[in-house]
């Protein structure tokens, strides 16, 4: 017991001390309801997802049709102006959002599948497969992300599906580590052994016992991975490694750069797209961080503070 | 294990990783569609002699494993082939590019570390205050901004005052050393600023997190009990401990600065290694791409090793 | 005037949900030079909070009332500068689990010297020499000072923490569960050391613990705490043999070996919640001698004799009590 035994026990049982093993379904709602950060993050994400889903109904103009002069400034009809091809920016952003989000989620899905698969194998079977896979993971971690992606994409050719795969290639390692650690620890639990002795197949053991345990941790990892995926998409597109015909937030920024929006002073062709990316990433970050914080609550409060405890003067007694 | 064994182990890991990277590099480019001869010796406008010389040098019509050995051999001699774009040796191009990138990236990184560390320490000390919230969310925001977008925004708003392209003014005739220095410095300002802004956010979050851990440790309470003032406790006791995870994480991140360098140098046309990668990608200059990838990977491995050395030096507890 | 006087100390904690926890409910104590007083009770009874209050180390969520005087001067203030003057030089502390109370990246010697130099007790080579003397005093070889805390065993670390606590020649030494994390053999040694130091240096010692044999070994008197208040005080032997509060009696009965019995008899029930006002005696739900008055009226801590205080209605009602005590 640490020095804080007495103080924390005073605050004691009533203080919300999260249980190390949560119920499967209610942890998510608990995190959301308890944390403003989680609410804001989730809200931002849902907002962008909603727009992406409702796109066919809310897009004001066709994102591939010119409706005016190049780089027309914002107006009532076009709140964010037009791009270099005379296309309405708002429509571009909505369309771009759809694709960017799809790429981000898809890449994350692939990354999680790869990472999860590797993690499960390494964690469950252990031994030499574990060492081998972990060595591979270590090396992958060290090799710099973007250059690797560039090389693979350059060699392979530009397309969205290639892009998704390349991004996934960069991101699977963290998932692998998390899944492996959890699988290892769960594997050592008694009931897995028991189920094993009952003759249940290995895979069924894994899915029934391991997956619920790692739910929250994986969720945090997934959310944060989406953020990185979307970030990477903009970078790779900027370097010409995405699909040149696709409209994504990354491509909007890229074309603004290539088609001299700067010298034309057309800030509306540049700034909104980046802000959208930034908000989605921030939303992911807030949500992911809130989930992680809920999992690893910092029971230790800082011993330093600029505010001090209050001293009551004798003339004003408190009634406990 | 004695303490020095740790360093040897880490050095060995670094060397092996470089080796793995070299190998991946080799195989990546050998799986290009089309035959190796054409792809790697396809120096535009090259004379037949050059093509034949390259064929011989790299043994491009030999079996794959032999090519591998030749490749390694050539690498040891510093020969990375000829760049397609300027017919110069890749190694020369890379040297020059690296020499241009380092001052710019170093300045930006140092500024980012200074800002990040001070805001991180301060935020942790005043945890929960308005200042903490503002600084933390600002850090998250800058961390989330797509690097190339941030560069463009800075370009838009600051280019009236600072040069925004290249490293020096081509029209400056016969400058004195001082004039040249000022010229380069002025050109370096915007890219370095972008560097600093895009990096600092991550450092703030790292430092803040590390500090919060230490501020909850019992020795901080002991230090307070000794009557030491809070500022001294923060800087000399807590920070000294937080320095451990902080330096390793920062050192690790240095290796990944290359990604940012690529994007920033492209926007500002800064003739560094990032720009070299971009040019190599757009021009499909495979030898350059291959060489640059190697350089970037080695730099990451190098900084990872530095991180290990730093941790070793700073933590008296390493006996493992 | 005693060395340390605590008068009617109250401490409340604001909890995240908005309620207030009344952690310390009107505690008064006196401590003189040479006293070795135990502060005994279950976890959560408020004893650590009291000790932290003496050094002004409460978190911002705390509110205090009452008075604490050290050598006549009031030290229950929120002014860091006043507090810093007395910390370590007048009152110092040894914490539980010295594993973490010592800074892992600084040598032991540095940590002893630092408060000396800061408070102006000694400087430079002189300070280092004194640090060496203190280490010897607690049974650590002088040259071990140049080592780091992780190189020490648990017992050695606690000794080092003791040496550190004595760095500025304090008059009062607070020890919060100093041996709980140590094994029994080492425990006994440390406690012996504590007593020896207190006697040799004329310290006033406050030993906070839930472990009765520990108090028995070290202290000459003790205050028993329950639910944030003191329920009984007195010399150790009288507390053992003639307790005047049922909690004290049951507490000693619950400790194996103390009265010769072999099994642990734990007290059924749990302490009351401190975020609500307590009606009647805080112990009455668990008390085996409770009667009507206990449910409605909260007993005051009253002087029963020159060195004895107890908060129990049984002391007023000899007829009910039977043998004139709890």
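Quick notes on this one:
Note that the chains are named A, B and C in the order they appear, and that numbering of residues resets to 1 at the start of each chain.
Following the convention adopted for this analysis, a residue touches a chain if its C-beta (ideal position, glycine included) is under 8 Å from a C-beta of that chain, and two chains touch if they have at least 3 such contacts.
None of these values were measured; they are calculated from a predicted model.
Seen from the C-alpha centroid of subunit C, the farthest chain centroid is that of B. Located most centrally within the structure is A, per distance between chain CA means and the overall CA mean.
Chain pairs B-C and A-C differ in how many C-beta pairs are in contact, and the one with more is A-C.
Distance from the subunit A centre to the subunit B centre is 24 Å, each centre being the mean of its Cα atoms.
Annotation: 55 Å between the Cα-based centres of subunit B and subunit C. In terms of their C-alpha centroids, the spacing between subunit A and subunit C amounts to 49 Å. The residues of subunit B that reach two or more other chains are 217-218, 221, 224, 230, listed in rising order.
Among the residues of subunit C, those touching two or more other chains are numbered 57, 80, 95, 97, 100-101. In subunit A, the positions touching at least two other chains are 2-3, 301, 303, 305. Those residues of subunit B whose C-beta lies close enough to touch subunit A in the complex are 17, 20-21, 24-25, 28-29, 31-32, 124-127, 129, 140-141, 143-150, 152-153, 155-156, 159, 212-213, 215-218, 220-221, 224, 230, 233-234, 238, 255-256, 258-259, 262-263, 266-267, 277-278, 281-282, 284, 289-290, 292-293, 296-297, 299-301, 304. Per the touch definition, subunit B reaches subunit C in the complex via residues 217-219, 221-230, 237, 240-241, 244, 314-317. Of all residues in subunit A, those touching subunit B in their complex are 2-3, 138-139, 142-148, 150-152, 154-155, 227, 231, 234-235, 238-241, 250, 253-254, 256-257, 262, 265, 267, 270-271, 273-274, 277-279, 281-282, 285-286, 298, 300-306. Listing the residues of subunit A that touch subunit C in their complex gives 1-7, 9-12, 14-16, 301, 303, 305, 307-312, 314, 317-320. Residues of subunit C touching subunit A in their complex: 10, 12-13, 15-17, 20-23, 25, 43-49, 52, 56-65, 67, 76-78, 80, 95-97, 100-101, 176-177, 180-181, 208, 273-275, 277.
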